[in-house]
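Next come the structures, one after another.
Presented sequentially are two complexes of chain A, the first with chain B as partner and the second with chain C.
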Partner chain A sequence: MRKMLAVGRKEFRQIARDRRSLMVLLFVPAFFLLLYGYALNFDVQNIQLAVHDSDRSQASRDLVNAFVESGYFRLAADVSSSREYEALIERGEVRAVLVIPSGLQRDLLTGHRVPVQVVINGDNSNTATTVMGYALSVLQTASAQYQAQVSTRSAPLVTVESRVWYNPQLRSALFLIPGLIAYIGMISSVVSTSLSVVREKERGTMEQVRMAPLGTGSYILGKTLPYFVISLATSVFIVLASMALFGLPMNGSWALLILALSLYLAGALGLGLMISTIAESQQVAFQLAVLASFLPTMMLSGFVFPIASMPAPIQAITLVVPARYFIVALRSIVLKGAELSAFWTELAALAVYAALMLTLASRRLARQWA
Partner chain B sequence: MAPAILVRDLTRRFGAFTAVDAISFAVEQGEIFGFLGANGAGKSTAIRMMCGLLKPTSGTAVVDGVDVSRDPEDVKRRIGYMSQKFSLYEALTVEQNIRFFGALYGLDDARIALRMKFVIEMAGLSGREKTRARDLAGGWRQRLALGCAILHEPRIVFLDEPTGGVDPVSRRQFWRLIEEMSRSGVTTLVTTHYLDEAEHCHRIAIINAGKLAAMGTSRQLKEIFARRPILEIHSTRPVDVMRALEQVPDIEKTTVFGTAVHAVLRTPDVDLAGLARDLNARGLDVSGIDRVMPSLEDVFLDVVEHA
Partner chain C sequence: MRKIWFVMWKEIIELRQDPRIFGIIFIAPVLQLAILGYAATTDVRNVPIVVVDVDRSSASQDLISRFTGSSIFQLVDVVSDAREVDRYLESGDAWMALSIPSNYGGDIAAGRSATLQVVADGSDASSTNIALGYATNLIAGYAREMMEQRRAAGAPATEAGSIEPRVRVWFNPALESRYFMLPGIFALLLLVVTSNLSSMAIVREREIGTLEQLNVTPLGRLELIIGKLLPYGLIGLIDVLIVLVVIVFWFEVPLRGSFWLLFGMSLIYLLTTLGLGLFTSTISHTQQQAMMTSTFFFLIPMMYLSGFVFPIENMPDSIQPITYLIPLRYFVVILRGIFLKGVGLETLWPQALALFGWGVAILTLAYMRSSKRLA
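And then the complex of A and B:
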């Protein structure tokens, strides 16, 4: 215990005096939060809309107004031929075109079906899908209103009233920020610790430490300690910053959040130390660390791409990506305010992962020291 | 008194390469025992096996009465070890380094404080307690490293090329420390490829290609030249002198030794004046030709050549 604390204290002093470690532990997380927090955003706003209105009636004006008032569209051009709006789309000046046929008002009043066309620029399929969703919802609402006006007897029998829980405005930021917190925590912990053991190998201090009567367990835990404290503090700071900057809510308990963070970071640090025992130089360690933390946490954790829509073999791989469990737990805590019973299996998985990684790192080192 | 270190047929192979080949020797308590050999001769591999850092392929090493392969952890507690790279933590100060290594060896705070005083005095580091290791000059770093290696007052100290890259004055100071330790009963096993340093050792083992090629005191080792005197010849044309001497049947071999030429004779009696005349007759401008005492360098080269 005394020896472990001595290793921890020594490591902490080294970190405090090593510019590179400080960069990875403090600056990189803040930088990533701002960069990804502002840039990684699936919401589409201010869609430039052109209108080709051949009806020029009260009804057609109401329909255009419905689009503009939805808040997603901005009227950019009023055109009178298809050639005109084709040119606008081609030049990228508008993203969507609303084409209203002549006779809209007349047909609506007589209760006929009216086809209204929406042309969407599909060069970015993500954006196009979102735009289409917005357009459809505007049209459906408008259509329901007309039906109510025309039908003398009653309102339509079935109307859809959707309620989105936990994220009523469907802001993609709320969905992404927990993933981003996982991503940042993983990268800074894995990269910073991955350098720590290999640095001692390179500088020869490892040999001196090996000569001391010190168990590898004490050495590994002692090394983890300062990184753990620092990354936990950074992560809490990132959570607070996300609340201040991106309006991340906090509906659950801080104690549970800290618990989830602790388990997750312990696993990440274990992974970093493991890499450090394998690698023979700081460069190799850095590359391995980046490979092992960036990619899986970005691609296979449900951060960006939903795990449920991955092919089965890929889904199986995600089972060993700790961020997968952490993101579920984090979303449950901050967005849903869920109780421990809702995500204890995720926490258990994180605990198992952390124990496994730290044990493996310690074992590997013991074999090298023997 | 049981020997401090007892090594029997110690062998280490790395694949097909035999780094240490069945070496055996015993080191007495309080002795300064030198491992002399070229780079890659197997000195470090041997010392690492004796310290429990590396498992022997075969053979045994008993250090302070403990079989290293049986209980390497116990051996680690009993010995001090300092390697060629003076593995201190550069970002830590002198005091912090001492405290860290003291804690690793399980010393309590009071003992660390006591030993800190001793090490700082021994290494001449008073006034530099708060200096970071990276800002210390070579000699100080090396003495601090030695201090850190003996914080727990081991009876046996292993030093693996401790003086590499250190200036001659610091090297002499360092050896004075080792001699002091020896007087207080500490056994030292030191590897070096500096021949002048080997003269400080009570006994020397010459390691060549993993084998123990010769062992004994400096004087004993030099006896291989007892019946083969060494001549030192000074000339302005040493290379031509060597070429001429190779033709002389009584001369076994010649080597360049500084600016002079050393020639090993096959017989104890040789006509020096006659030889000088012969060489000068060939216009080789010999200014002096004397019998000299063999140096360890002569011994080392001779042993390596005959191995």
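And then the complex of A and C:
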């Protein structure tokens, strides 16, 4: 224990000497939150819509109005040929085109089903999926309203009333920000520790440490300790900032939040140290660290892409991504205010991950020292 | 020329110090591409749903079977008490709950309108949004079918027509998010490999103290820099080819535009990534600083502000101008243009020009800075 603290003190002093790195570790994460918290969202608004109306009737004008009044679409162009709107889509000036066939009003009055076409620019599939959802719902509502106006007997048999919990306005910021917190925590931790052991190897100071009466376990824990303190402080600060700036609610308990953060950060720091013991040069360590944390934390954690939709083998791979568990725990605590019983498995997984990484790092080091 | 060759050879020998480097440089990107390519799907499938069936009639069974029969929903449980929904949503075992009211079967049989309630967990807003749309569609289609059955059975016909939505999606008709994401992942992997490695190339010599020795050799500054960067340029080039092969032949992303244009643009992009690496090297004292600078100031902004995952058009107006500073932004537009839309330089020249300008600017800047640091 005393030895561990001694290593910790040494590491602390080293960090303090490199002012620039310390500043980066302390302040950049908060700055990131500010920048990306504002920048990132999937809320698609002001969709540029072109209308190709061949009917020019009351019914077609009503339909166009329904799109505009939905609040999602903005009327950008009124075209009179398919060539015109094709050019608009190709140049990216409109995202969607509403194509109303001639005879819409006549056919509606005679009780036909009239096909109305929506053309969507699919180059960004995320946005396109959302646009499609909006367009379908506008058309369905318009259709239902029309039927209700004409005849009460044709009111639909089943109607749906939907309610959304935890995030009633479906603001994407509320689910992206927990992911962003996880991301920033992961990257700062891995970046700060992944060079720490290999640097001593490269500079040749490792021999001196090896001679000291010190176990690899206390060496590894000592290396982790200062970064743990720094990253925990930064993370708590980031959570507070998210609440103040982005209206992230706090429906659960702070104690659980700190527990989840601590386990997660310990695992992330352990991953960095593990990489540091594997690599022979700082260059390799850097590369490994980036490959292990950068894209996986973003894409395999459920931060951006839903895990449930991934193919089974890929879902299995996500099991070793710690951010996956942390994001679930964080969303449960902060958004849902859930009890420990709802997410204890996630916390257990984080604890196992942290223990595993730190043990592996110390084992590898022991083998190298032997 | 021979001197450049020597520096290059020295750099390669040093790289080989850790033999795993080549696995990391060539195999890891492909592996990552493969995994992430499959993971990058925004399609919503297997949404766990819990049903509160208070009615327990054949009509309600029929409705539930619609949900179990669709690949989008996965029935977790059927319960009889609405209060149980809380537990399912809270633990995340179900994302959505469908409540069927107690007199549902009776109402339907009598031709009265019944209201179903759908409750969704909004903590993953974009999936929820899509899943809600699917649920509404599914129920609307079901209602229409029942209506038609009643009509066929002799119930009074409706006089009103209705609108039938037909959606066509261009450039990516099946809305494969893979087509959209893979070009971006390609660009990011290239950045990670080349700019990270080169960012440590010169600072490593400084940290170990061998830069002084290099300075007393009859080696020009330019020769040193070119010799240091060339190996990474070559590595990047090989990575471009390997990764492109995987994207086109394994993932079968359609390459609608010209391959050579794509290749040429990748070369210009490599200029900027190597330039960034070199620049990082000249402003850092230790490799740790180089890593932090590169990660925090180049990699992360590139990832988030390039439009690679998060659409730039969704960002607030105050942030959008910042994205013009991100070279990856231009390359992503170029890649998607060539891959998905099959357009050529006649459309992409502004982006190509911006990317080229960026590359030249950062290389010049790094070169100028290095004169102060190396001499």
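Going forward, the second predicted complex is superposed on the first by the 320 of 370 C-alpha atoms of A that agree within 3 Å, B and C clash if a C-alpha of one lies under 4 Å from a C-alpha of the other, contacts with A are read in each partner's own complex, and residues count from 1 in each chain.
Throughout what follows, a residue touches a chain if its C-beta (ideal position, glycine included) is under 8 Å from a C-beta of that chain, and two chains touch if they have at least 3 such contacts.
Please read these numbers as outputs of a predicted model, since none were measured by experiment.
Trainee: Specify the outcome, clash or fit, for chain B and chain C once both structures are aligned onto chain A.
Mentor: After superposition on chain A, chain B vs chain C: fit, no clash.
Trainee: With both structures fitted on chain A, tell me whether chain B or chain C touches more of chain A's residues.
Mentor: Of the two chains, more chain A residues are contacted by C.
Trainee: Examine A:294 and indicate which partner it touches, taking first as chain B and second as chain C; both and neither are also allowed.
Mentor: Touch partner of A:294: chain C, not chain B.
Trainee: With the two complexes superposed on chain A, say which partner A:227 touches: chain B (first), chain C (second), both, or neither.
Mentor: After superposition on chain A, A:227 lies in contact with neither partner.
Trainee: Mind working out whether A:280 is in touch with chain B, chain C, both or neither, as first, second, both or neither?
Mentor: It touches chain C, and chain B stays clear.
Trainee: Under the stated touch criterion, which partner chain does A:73 make contact with: chain B (first), chain C (second), both, or neither?
Mentor: neither
Trainee: Can A:211 be said to touch chain B (first), chain C (second), both, or neither?
Mentor: first
Trainee: Applying the document's definition of touch, where does A:326 land relative to chain B and chain C: first, second, both, or neither?
Mentor: In the superposition, A:326 contacts neither chain B nor chain C.
Trainee: Could you say whether A:18 touches chain B, chain C, both of them, or neither, answering first, second, both or neither?
Mentor: Both partners.
Trainee: Mind working out whether A:203 is in touch with chain B, chain C, both or neither, as first, second, both or neither?
Mentor: So A:203 meets both chain B and chain C here.
Trainee: Using the superposition on chain A described above, determine whether A:126 touches chain B (first), chain C (second), both, or neither.
Mentor: second
Trainee: I want to verify one number: the closest Cα approach of chain B to chain C after the superposition, in Å.
Mentor: 12
Trainee: From the superposed pair, tell me which chain A residues show up as contacts to chain B and also as contacts to chain C.
Mentor: Common interface on chain A, chain B vs chain C: 18, 203.
Trainee: Okay, in this complex, where on chain B does chain A touch?
Mentor: Those in contact with chain A are residues 51, 53, 55, 72-73, 76-77, 79, 81-83, 85-92, 96, 99-101, 103-106, 148-149.
Trainee: Note which residues of chain A are touching chain B in the complex, please.
Mentor: These residues of chain A touch chain B: 2-3, 5-7, 9-10, 13-14, 17-18, 203-214, 370.
Trainee: For chain A, which residues are in contact with chain C within the complex?
Mentor: Chain A reaches chain C through residues 18, 20-21, 24-25, 28, 32, 35-36, 38-45, 63, 89-90, 107-130, 132-133, 135-137, 139-140, 142-143, 146-147, 149-151, 153-168, 170-172, 174-175, 187, 191, 194-195, 199, 202-203, 279-284, 286-291, 294-296, 298-300, 302, 304-306, 308-311, 313-314, 317-318, 328, 331-332, 335-336, 338-339, 341-343.
Trainee: For a test of understanding, state which residues of chain C touch chain A in their complex under the given definition.
Mentor: 15, 17-18, 20-21, 24-25, 28, 32, 35-36, 38-48, 89-92, 108, 111, 113-130, 132-133, 135-137, 139-140, 142-144, 146-147, 156-173, 175-177, 179-180, 185, 188-189, 192-193, 196-197, 200, 204, 207-208, 286-289, 291-296, 299-300, 303-305, 309-311, 313-316, 318-319, 322, 336, 340-341, 343
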